[in-house]
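Two complexes come next, and they have one chain in common, chain A, joined by chain B in the first and chain C in the second.
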Partner chain A sequence: MDTRRAPRAVIDPKVRKVGFFAPPELSQPGLPDPIPLPSSSLSPVMIPPPRHSSENLLHHARPLAPTVPGASSVSIEGSVVAGGSYGSSSELFPAPMSPASPSYSSSRFVGGGDGDYCLNGAAVASPGRGGGKAATSFPRGGFESPAAKASSVPASGLTTVSVVNDSSLGIRGREKADNGGGSALEAKDQATNSKQKKDKTTKAERRALQEAQRAAKAAAKAEGNKASGTVTSGTAKPAKAIKPPHKVDNSSVAASEKKGCDRPPEKDRKKDVPQPRMQYDDESRVEKAKRRAVVKQTEARNRVELFRHLPQYEHGSLLPDLEAKFFQLDTVHPAVYKAGLQYLSGNISGSNARCIAMLQAFQDAIRDYRVPPEKTFVRDLTAKISSYVSFLIECRPLCISMGNAIKFLKTRIAKLPLTLSESESKASLHSDIERFINEKIILADKVIVKHAVTKIRDGDVLLTYGLSSAVEMILLHAHKLGKQFRVIIVDSRPQLRGKILLRRLVEKGLSCTYTQINALSYIMHEVTRVFLGASSVLSNGTVYSGVGTACVAMIAHSFRVPVLVCCEAYKFSERVQLDSICSNELGDPEVISKVLGREDVNYLDGWANTENLQLLNLIYDATPSDYISMIVTDYGMVPPTSVPVIVREYRREQLWI
Partner chain B sequence: MIMDFQVVVLAGGVSKKLLPLVSKEIPNALLPVANRPVISYVLELLELSNLKDLIVVVEGEDAALNVGGWISAAYADRLHVEVAAVPEDVGTAGAIRAIAHHLTAKDILVVSGDLVSDVPLGAVAATHRRHDAVVTAMLCSAPVSGPSESGSSGGKDKTKKPGRYNLIGLDPTQQFLLHIATGAEVEKDLRVQKSILRAAGEIEIRADLMDAHLYAFKRSILQEVLDQKGTFHSLKHDVLPYLVRSQLKSEALLNGVAQVEENGTEKIIAQSNQQMLSQILANASERTFHQRYALSPNGTSFRKTHKCCVYIAGSNRYCARLNSIQAYSDINRDVIGEANHLSGYSFSAQNNIIHPSAELGAKTTVGPHCMLGEGSQMGDKCSVKRSVIGRHCRIGANVKVVNSIVMNHVTIGDGCSIQGSVICSNVQLQERAVLKDCQVGAGFVVAAGSECKGEVLAKK
Partner chain C sequence: MADPKISAYYQTRMAHFGAVTNDWLAQAQSASVITTTPPPPSPPPTAATLSDPSHQKPSFSVIDEFNRWRKQPDLAEAVAAIRALAAVIRSSMATTMMQLEIELKSASDSLKSWDTTSISLTAACDLFMRYVTRTAALEYEDFNSAKSRLIERADKFGEISYTARKVIAMLSQDFIFNGCTILVHGFSRVVLEVLKLAAQNKKLFRVLCTEGRPDRTGLRLSNELAKLDVPVKLVIDSAVAYTMDEVDMVFVGADGVVESGGIINMMGTYQIAMVAKSMSKPVYVAAESYKFARLYPLDQKDLAPALRPVDFGVPIPSKVEVECSARDYTPPQYLTLLFTDLGVLTPSVVSDELIQLYL
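Showing the complex of A and B:
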């Protein structure tokens, strides 16, 4: 292994080299700006990117006396707007309202939004079902629309015979809220008292900051439209801008990462902080996470020492428990619930499919979403999505592609122009998601197929591992083009997903060989190309994919067979990972103790009760970039060392969609 | 509407099978099981699942009034219940047709009002959703004491073979319903559709399962089927078998794929994208036989299929339907016996429930798995075993009650012996009457010293 790792030291500088060698007009905006750029040193022409403006803002605003030194354009503008909406400092700055229209007083806009909602609510409540309303006597309780329904309709009238009292509902709701508050408080208790105090005192201040942020962003955007595109790199990541001060502000962020949705604004902000990964060997935190959890998660016993930091639950009890609670979880949208169930039961697996299922569920959820009174669309929806995401995580840990899609959706929500009405915002988000699916997944797959097919020649023997939708499409397309080749499908227990691929390829008339991963080194002799799918490609070129991929790639490499990894660019991640241990997913250990179709092989029955036995069912592994010849992506075929370039370019582009 | 589900409870009317126990005053739904109307078990099960917005459909105006009255008295402030009266003999399908315009949710949970069970309803609904099924039926293991039909009308049926089970065909994963034959059909040869067998590869035919008459339907499909097939009378005997039979040649418009064809090229592109999308989604895991069948010939022509799923209740769950007199005795016995968590009462150390206001004479014993209602009096030297005795009964001395159900306000004279019988309200048993396996209708007077065995005694 050491000898293998050695050359990477040589390769590593190449990574940077690629970045610098990119054409100047591309790499210019990508270059990190000189970091502490003080706003005063800006030339009058150049519009400072909001990141700096906000940093400035924060520095100034933290003492809560906004004594902004006479700095240049945008940063002042931002703070003025903040002052405008939060009276304290408005006298100091006789409000030169920013020229950009969307940045008018945001508090007033909140009011407008509420009014809009009220109208909607009325419209919803009014249409009753059924025809003539020979209204039977029923107390008008908390049930607005069912009440309307109770009308004597020709076929058969409904008589409301029992109605739940409004008050009891109210009490329950309040109790729930109390509970939520309680748990949030408990979580807070862990932090020291002083911290809590600080938290409380800065709340208004932070709110002010956020408002300022938004205003600044809008202003910058408006300015940016007028000015040339040179600002792009700066305005690209405004949401992230708030990150550093918060990290300093309350270091207990990690502990109270996912609070109940009763405090959306904080949550919303915290989501932007790259979460410190939850370490599941930290008992106190696991306890807290459990208290929040919707799905009852029983910690598995007999966990492998090396992987204790990863979540592992008794898989057997999860699904029945979640199913039984179907009607209790009315906070989760039915579509999201369905997706969660499908993840948990394994009806949907594979990162593309999971991502699509999630996005479609979110589409439905957004369509049915109504802003609760006294909430703003953007913030409440973000909180809502976050709660859905944490529900999905409880069902099964997210894969990186889903993480990217969520990031995309949240940026889109955050970037919604404040002037849009609720229905317009929803429509815009709907089409955004639609476009993401179409462009980033479907179109990307088509492009990948087009590229990869050029690498298949007549007489080739292609090897693939497991099941990858992209690889399947490539093989089918090549077959359709009439290329003569043979496919070797390598599979491994316990999932045996290769069988699914095998069945479909054979149905289509491809000539296939099916083998298990144990026989890999024997069959590799005849192979001319290896095509692999991936769950993600990390920015050091490491391919993160189903367990066994690394083994296949390494053996192929030692046989000097080129390894092509097919991966859509939306799955790329800026993360760097050197091994498969620090971050991974643990599957159900029960699965590997059983052999399909062999009931008599039961030596491991009751393994959980054996103290000195631990089973490990890893889901993913990391393949070092040395073993990868080429990555086929929607941006073309690139060496693994070019991944960081795509990540950098792509990420900006994603934000600019 | 929680989770986009609406609940319909089919409470029935006055069933002929349960005569003489039921009448206009006491329709099926109000028949007491352990001194509680049977419908309360369903309502409580629904309440437990957080389903508080219900539509109860009752056959017959009078019955509907009675049921509605009872529910409003018992569940005011707890449930939001709407009662609809439908004409008698419209069947379960007719009942749904009659209230169809009230149904708006995506899926509908149809529960029979005579179900006594503790199966989590959420699990059924979740299974339905997870598979995106057209119908999901809950199956439970058939009661041990033989299927419901046997022994219903006295001894006549007993000479027949006790074999009128439902035959249910499942796929190897036990998730999908491939075949269902009920009641009379079972007498004939078993007919399995070749196309389904070919697509699924394997059918497991089981006779040990019972259809619990708890279904989750996709509303649009259900309404379409009910509209098109006007002759369908029963959900269980007509609609469900129809859906199962047609699952590979679905006539129902699912997803409306075929609707838009000629709307310019953009639509076609969008459609091909959609197709690819669904393909990615479907390809990600092992396809169900439906999907395989839908694509089978050469992947181009889509055949329409729909899924019929099952949820099989775990063996540790109790599940029974009160649809015969035999079942009535069984359920009563079970609710105060092995499934006593259903009754909602707390049992004494002797494993029975004796209301504090009940009076027992000297040397009277009440065995385990018994229940004695409020205000009942028993004379000396009585013995009660595995029986339910209702409210305000007056029981004389030296009476034996074994394996029986005695409803409210019954007067039992000295020296009576009651075994395996059901005695309805306001019945008077004069001295030394001996009843074995009898059903006595409400208000009947059994003459002194009469001996009856396996008879139905009711007022003409």
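Showing the complex of A and C:
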């Protein structure tokens, strides 16, 4: 991991300066401070650099601050280096297209401020050039983007959500407000400057810009000399070289993009590229989201640095709060509200269950929906669904299967023929949802069971981890067929979901062994097959599942035990993810500090007051495809390399319904 | 000599390519029909005969047709099956598409049951069914034109399969360079075709041929290669690792290509592929596309067993068990490339092709 910590340098300003201006102030080299925009001395005349969508180029940043940790360059959309770089540091930018920029140290500013740009998929992080490329899955929080990472960026148009975030914005920055603001500015810049950029509401942009500037100014004051020069130049298009000290901060750029568009993160307006997800490092963005939020949550204290880009709120206060407001919240349909509460309290968990609950709540909501006067059915309903989804996200972030289901629902809504009356449309949507649940989940599970039981022989010792609905069905069905086998259930704190599976299996008469995950290497030598469930499978064959799955798969692989992953095809995603950090979910850290039933284990009481102690409760992790032998889906048994094939073949419109 | 313990597939191969005797050589050179071979096991009562009452010609049996095609040693069994199935369509007296499909299905089932251990036979039958009945236009045309369409597709499929070997040979020429040393295992007619074409193109290469016990098919192959004036060296199976240093590439055929991209081939292939991989030598597989099967073995024991007796030359005490399996499974990570009539593919593409076909 050492390569990741290579220091980063200043991010380039993106906008070229024209006219008369004093040479930009340079902060002392070696100062790991955010480099101020040369825009401090920028003249009002600034011409945005031409953007070439076809090039993923690295911007060379000014070598103001040599290596700034956390600065990572992200894809340069071929835009010319902004700002004073021309004048003063032209040697640094041999050409906008210069590949292996030697100066890894110079922080590269992502030209990808243009969220759209990246969203087009054209701006995936520059293909592995030397020196801070935007890696697809840059871990936020202090890791440098290694060149190696960069080269791992697929050249394909596939971008993960996180990639888009990173690459497009490529601002790795601390969540310092000024940086955020600055990058927002920059992003705005890029956005406006890019030729590729799609049209955004300029008004919203300007407002976002203003807000970012205000925030930046405030932060600049607070930061003192950290931000040298005025972070926010007076001009509308400041070029800001942001030198994120530690963290990656795409969020700001993404945030600013978002501000412009005001789209909820998961919505996928562009068909080809998924939207960037909201990053929670940026305070301005978070504030804005809070203002819009239905649910008021307080952010947790003592957050782990590495995971600051993920939302984490204080648990425990929200549920009673929402329960009390049940009858007052009229923006949210009661069925959706109920589903949200069930997610929040943990009553419904598991991606299939959550997806079904959400879809059924939507069915009720659609049934009760009436078109307001002077509004069209399709648009208004879509907006309503979007607001419901935002509410659900605030209760608990979506899982990928839910995202796919929402995409499906929105496609169906959009495809409704205009000639249908309101009640007919609603009936059609109702039956569509019904069909989706039936075909993609229930029947798919039956097919999976049918395929997977052929792989269970008499005398097998099967190992499973956690609670997966598909695996449970397989084991019960195999037992019903009379196969002789025994099951080892591996479980882990804090959720201890394996106990539920254990109870269900023992009830039906299977012989089971139960153990915790720390005993895994001890029992693995007896195991003949491993069956795992998945929350999703990504396009590079990576399995995204409950935390601990990766461990089980890796140990099984080292013992040469075949690993079978059982996953319905609707959970497959076009995303590509290389690690578990760039996109995950954080759970309540309190449950880690307590052990149920053991009051005497109270060493961690009051952990939140300790300055240098942070608790981390991850919900998901990513298992690389090398450790997976086979994926059992409703389309048969496939190797992990065939997942993009299935995504391609079955995401075609006519088949997806 | 219908020994139920012996896979009929391997009996056939043994009959065709097994131990090299003088008699056999002489006869092999003359006629295409080998009279001294034991007769193939009598086909079990098949559904084909059951479906006959619907025909006007009760004497047509797909198995007979199949056997007729199969007698030519150059013809792959699967191609014979395809030709037989095409003949079923041609001679069918059905008047509706459904009836025709049912006939085809029963014929295919009877062929498959003739030898359940042959992967390429099963795969070819399945693929034939998918390929031929895949046209959506079949539903809209009148029966006769639809039937002739089916016959067209069936013949085309037969042609493709028959010429598959030639296509594969052409594709692999680029990979054989002058002065290279090729290690070959087992007697595969496809690989022989590849080497034949290379020799004809005046490439200079030499071949290391494993003995291939217990079939000793390597002897037959070395015979064939000697006829082509290709320098051949026989190595016993245990000497593969010893000679792997001087080898540039390994060429094998396949009994079947499975969904993971791995291959099922004669016993010993897995070993050779493992040694080759550990010494960084490429392993090339030459397989026709009708051998792509919808199997997914997880380990060696996950295959349907195919046994053949091993003759040690001396009687074995009855208490001693003998591992009789005739084939093994080579996982895809040990294979470099697959030469098929669809092109030069990596192992992961097999699943892609199968998904598209079975869409």
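Assume the second predicted complex is superposed on the first by the 379 of 657 C-alpha atoms of A that agree within 3 Å, B and C clash if a C-alpha of one lies under 4 Å from a C-alpha of the other, contacts with A are read in each partner's own complex, and residues count from 1 in each chain.
In this text, contacts are C-beta pairs under 8 Å (C-beta built on N, C-alpha and C of every residue); 3 or more make two chains touch, one makes a residue touch a chain.
Note that the structure is predicted; figures quoted are calculated from it, not measured.
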item: First (chain B), second (chain C), both or neither touched by A:Pro639; value: second
item: Chain B versus chain C as contact partner of A:Asp330, first or second or both or neither; value: first
item: Chain B versus chain C as contact partner of A:Ser428, first or second or both or neither; value: neither
item: Touching partner for A:Pro562 - first (chain B), second (chain C), both, neither; value: second
item: Which of chain B and chain C A:Ser469 touches, first, second, both or neither; value: first
item: Which of chain B and chain C A:Ser583 touches, first, second, both or neither; value: neither
item: Which superposed partner A:Ile442 touches (first chain B, second chain C, both, neither); value: first
item: Contacts of A:Lys455 with chain B and chain C, given as first, second, both or neither; value: second
item: Between chain B and chain C, more extensive residue contact with chain A; value: B
item: Contact set on chain B toward chain A in their complex; value: 2-5, 49-53, 55-57, 64, 68-69, 71-72, 75-86, 97-102, 104, 106, 120-123, 125-127, 129-132, 273, 276-277, 280-281, 283-287, 299
item: Residues on chain C engaged by chain A in the complex (per definition of touch); value: 259-261, 294, 296, 298-299, 302, 332, 348, 351-352, 355-356, 358-359
item: Chain C-touching residues of chain A, taken from the complex the two chains share; value: 455, 529, 562, 564, 629-630, 635-639, 641-642, 645-646, 649
item: Contact footprint of chain B on chain A as seen in their complex; value: 129-130, 141, 143, 146, 149-150, 153, 155-165, 168, 320, 322-328, 330, 334, 337-338, 341-342, 345-350, 352-354, 356-357, 437-438, 441-442, 445, 467, 469, 472, 500, 504, 508
